[in-house]
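Next come two complexes, and both contain subunit A; in the first it sits with subunit B, in the second with subunit C.
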Partner chain A sequence: MSQIRTHPLATIGKYTALALYLAFALLPLYWLLKIAVTPDRLIFTDGVELWPSELTTDNFRSVLFKTDFLAYFGNSLFVSLGTAAATTLIAAGAGYAFSRFNFAGKRIIIAVMLVTQMFPLLMIIAPIYRIVANFGMLNSLTSLIVVYTAFNIPFATFLMQSFFDGIPKDLEEAAMMDGCTRFQALRKVIFPLTLPGLGATLGFVFTAAWSELLFALMLISKNDAMTFPVGLLTFVSKFSVDWGQMMAAGVLALIPSCLFFIFIQRYLVQGLTSGAVKG
Partner chain B sequence: MARIELKGVAKRYGSVEVLRDIDLAIGDGEFIVLVGPSGCGKSTLLRMIAGLEPITGGDFFIDGTRMNDARPRERDIAMVFQSYALYPHMDVARNMGFSMEIRRRPQSERANRVKQAAETLGLSALTERLPRALSGGQRQRVAMGRAIVRDPRAFLFDEPLSNLDAALRVEMRLEIARLHKRLGATMIYVTHDQVEALTLADRIVVLDGGDIQQIGTPLELYERPANKFVACFIGSPTMNVVPATGQGGTLTLKNGTQVALPHTADLDRAAELGVRPEHIDLVDAEDADLTGTVDLVEHLGSDTNIYVNIDNVGMLMVRRRGNAPNRSGDRVFLRLQRENTHVFAFDDSALGHVSVKAA
Partner chain C sequence: MGRTPDRRIREVESQAVTTRTAQHTAPGAVRARRSLYLQYLVEPFIYLSPAIVLIGAVMLIPLIIGISYSFQAIDLLRPFNTGWIGFENYLALWSDRKFWIALQNTFTWTFWSITFQFLLGLGLALLLNTQFHGKKLFQALVFLPWAVPTFLSALTWAWLFNPVIGPLPHWLAALGVLSEPYNILGDPALAMWGPIVANIWFGVPFFAITLLAALQSIPSELYEAAEIDGATSWQCFTKITLPFLAPMIAITVMLRTIWIANFADLIFVMTGGGPANSTHIVSSYIFTTAFRKLDFGYASAVAVALLLLLLFYAVVLLWLRKKLVRV
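On to the complex of A and B.
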């Protein structure tokens, strides 16, 4: 029995390619961090040096204590969590229906949802602004949640539907034979198996809402309702850009996204359904 | 325990009719096997009994109560799925006790019943495992355990053994037979495997094309098939069928061979003669009905299958006990056992047999 040996050059090539890709993908993040810890006066003199000549936490301190950043942060958290929760709930229900039931108009609804994904959002900014204004909901975080939820539902629904499709119908039927109502079967058997799907959808929608700038910029103009991406722009003043603080704020803004994914990644682990039916 | 009765039950998907006019009365404690080729509607019929598929025509009764529109949970019937359908996130014990958990039965009672069922099925050591850590045979047992724990009115099996390998299938078949003997429960079992049907059933229901072809005990189906379909479907190797014409108590084959069958009624309507491989004897030339050349010989140890090419008639398969000395190219002389021949009319129905064919 001889093992198939890969040529050492192939291995080197593989890792080189990986390293190059990682460097390419992570360099902007590194740069964000680098500028955040570089004192303001050195930002331009340091130029493209990979390592700052002096480290400081001043930027973080002033962002946290001298600006409204914490308020923006809280607003963003509220909007993102609200959007993620609302979207996932609706998408789970719709996805389940698309996956399990046949009803009149199902194909049309799916087609329409697909069509909504084809237009650039830029085109509907003006009408959305008018609608929100007519409802008197400008400068409210709720309007952002409603708008984001509406935009994310189609994709999230398709995502959830594919997760439901992956769960054998037999399982529900077995549960119903065991005495469950359809809803009990959904809650006790299907729901626990959909957790990875729910996690993925939550994560996807959360990040999308967290980093959305365009609509937040249009619909929010008051300082106390600003979300974090809009708030970032306040670091750009008429005469100067406060790079250090802006980057520090950016670094801080990455934290919830990262935490969120660390929290849900265990639900993303696949293979939970293995062993249900013939393996 | 339950009596289950179907009266004129039908299933339609839009304009497509999958089951027509199914009449079937299943007695308390009876083991009924629904058998037929794929697409014959047997699984659909089982799912209609389970309540997983709406009944679009006729009436369905459990113990005399009309149950057409009752939900699965109201029918109190347990079902073993072909895919086992074990809940992947629950361990074996919880899988088996789930029906009692749903019905809010006390924990102690539940634990007792699960323990009992696990012992009967040899699963005691595995109760804390998740389904994914079980072999195919063990999963099959858990699926059965889940059904017996709650003591339902009837059991349904949807091709429960088709995912197992051959040896395990025989073992589980015996297990199911024992289970039926011990519980004495009404069981309805769907399979396309006629060996399972013949060995397990009290009565077999043969389905084809959405119709019941025949209902009867395994021996009835084997000895007195109602039509050509049942004759060819039941029994292995399958029955030989050759064209024939009948007149005045005598059947004439294509090569002119005449077979006297005075006890077959209506012989004038005959179109085909059927005879099972085990009902053809090798004889001396003077007693022979037919003469032919051996084409191929299969030695199975206990039996020998001999394919004989009959002049002007075609291929017939002959089964002999033990290890027959015949070799390909031999000239052989065949005699048909008169009492075991079957004659089919142009409409494929069997002649001269008491027919149990429904509708």
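On to the complex of A and C.
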């Protein structure tokens, strides 16, 4: 967009606003990191200082080697990756169906999927607990994967649908004209083109599963099956004093979602823009 | 809009049936029809069935069971005292003071969260729609809160509000907002603002992303034309930007309101509903009733009440929209 004229005062105001937004966004994360690298004995004296007078990696070391966090981390990674893979596969199928077919009941299915995004999910926490308990699946990571997959399918489906909508129909029709079955056309022509879309969906679902807390809290109570959020929260209520270790654990929890975020970030506005133009 | 394809399918279907039964003239045609029939009716469901089965089994069936729970006494701590009790849970709800407080808190929580998220998100989107140095990095950094797992943002903000290790109480005291650096989250009159601030922090990027996408789809010719006609930038904003954004704003705010009203994680982690139930919203009340008291019957009754309220809200909003669009 072309800048016609900029008043110097307006420029100052703009950069002040930018700085304020940046400070607001980063302050909590910065503080998390700061406490994590502060030695225990300085936490109280350096409480309000912006930077501790001494740095340490002790907190990270003890979190990694003296607590169960590595196990929690592994559990969370397993659940999130499993959920992301299952959801993306299933949602890709459903999104493809919505994008390429007109069929009886399509409107109803879409409406039902939208409704599942609106009702309080906590409403089904009690029934789910009892169903899972009846199957003897409490404290199992598989049950978490199944539940999370179902929760994430509607949104992932709409996302995948918008990616499929962006691929011209002619491509697969040409392939089918040349003798491919629809599934072959999907696999050989469409699939490679949707790789970015699949990646974005994987990222979204992974972050969602990584941060889910309430259902995990309900379904998991055994220490060795705890996911990261559950583990960290029980850690907080059990030993409410070791701030440094908790912050260090928090920093570690941040790493996977930030990695995924950096990866999907550029698709966010892009994807939404094309959606806005169409709709 | 969607009605025509449905009718077309039904026609294809009935044609396929009649060709199969009545006409035996051209076998090739029959097969073609049949494959058309197959294509329209069966094939999409091959792709859809895993999604449908999973959503049905994990969300819809539990939803129905959950509604039925609200008419039963299901308390895992009193396993022999179960059975159908009609509207008793709802009667208990009616006279439950905690529920009414939670309802009131839900309004406070949702209203202030959505207002600030929207205003700050709009500001950020407008800033990001201009040019400046280091914009890509800036965008990635200000959107970062959105990627932080909710339990972690809740813990981090709780820590920031902690007078021992967090700076906020000290800063607020230095500014004269607080008389001394004490824990806001422990003060029933102010505690709600802790989760609200955390929620604002977490939700601004979402609004900024959606609104930025909408901003970028406004044709720039409009601004150029307005510039030529001598419009001020405020006029450009109110006469071009806002009208163009309005539909997007309406739908995002509506969806987000429902989402925030349901969003219990931050409150549960930061305050657990306390002190003295002053920060419970309805959905965190549902969770603690189910999770701590294991009273599934009562929790489900509260959940049904929340569902009805949200449904009512959505219907009113859709009705308003219809009216406004017609005028």
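We adopt the following convention: the second predicted complex is superposed on the first by the 239 of 279 C-alpha atoms of A that agree within 3 Å, B and C clash if a C-alpha of one lies under 4 Å from a C-alpha of the other, contacts with A are read in each partner's own complex, and residues count from 1 in each chain.
As a convention for this text, a residue touches a chain if its C-beta (ideal position, glycine included) is under 8 Å from a C-beta of that chain, and two chains touch if they have at least 3 such contacts.
Note that the structure is predicted; figures quoted are calculated from it, not measured.
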| item | value |
| --- | --- |
| Subunit A residues touched by each partner, larger count belonging to subunit B or subunit C | C |
| Which of subunit B and subunit C A:177 touches, first, second, both or neither | first |
| First (subunit B), second (subunit C), both or neither touched by A:199 | neither |
| Subunit B versus subunit C as contact partner of A:217, first or second or both or neither | second |
| Partner chain(s) touched by A:189 [first = subunit B, second = subunit C, both, neither] | first |
| Which superposed partner A:168 touches (first subunit B, second subunit C, both, neither) | first |
| Contacts of A:43 with subunit B and subunit C, given as first, second, both or neither | second |
| Interface residues of subunit A shared between complexes with subunit B and subunit C | 272-273, 275-277 |
| Subunit A-touching residues of subunit B, taken from the complex the two chains share | 50-52, 71-73, 77-79, 81, 83-89, 98-99, 102-103, 130-134, 136, 139, 146, 150, 163 |
| Touching residues on subunit C, where the partner in the complex is subunit A | 2, 5-6, 8-10, 39-41, 43-45, 47-48, 50-52, 54-55, 57-63, 65-66, 69, 74, 120, 123-124, 127, 129-132, 138-153, 155-157, 159-160, 164-167, 170-171, 201, 204-205, 209-210, 212-214, 216-217, 220, 223, 227, 248, 255, 258, 262, 264-265, 268-269, 283, 286-287, 290-291, 296, 299-300, 303-304, 306-307, 310, 314 |
| Partner subunit C, residues of subunit A touching it in the complex | 1, 3-4, 14-15, 17-18, 21-22, 24-29, 31-32, 35, 43-44, 47-48, 90-91, 93-94, 96-97, 100-104, 106-107, 109, 112-113, 116-131, 146-147, 149-151, 153-154, 157, 182, 207, 210-211, 213-214, 217-218, 229, 232-233, 236, 243, 246-247, 250, 253-254, 257-258, 260-262, 265, 268-269, 272-273, 275-277 |
| List of subunit A residues in touch with subunit B within their complex | 168, 170-171, 173-181, 184, 188-189, 192-193, 272-279 |
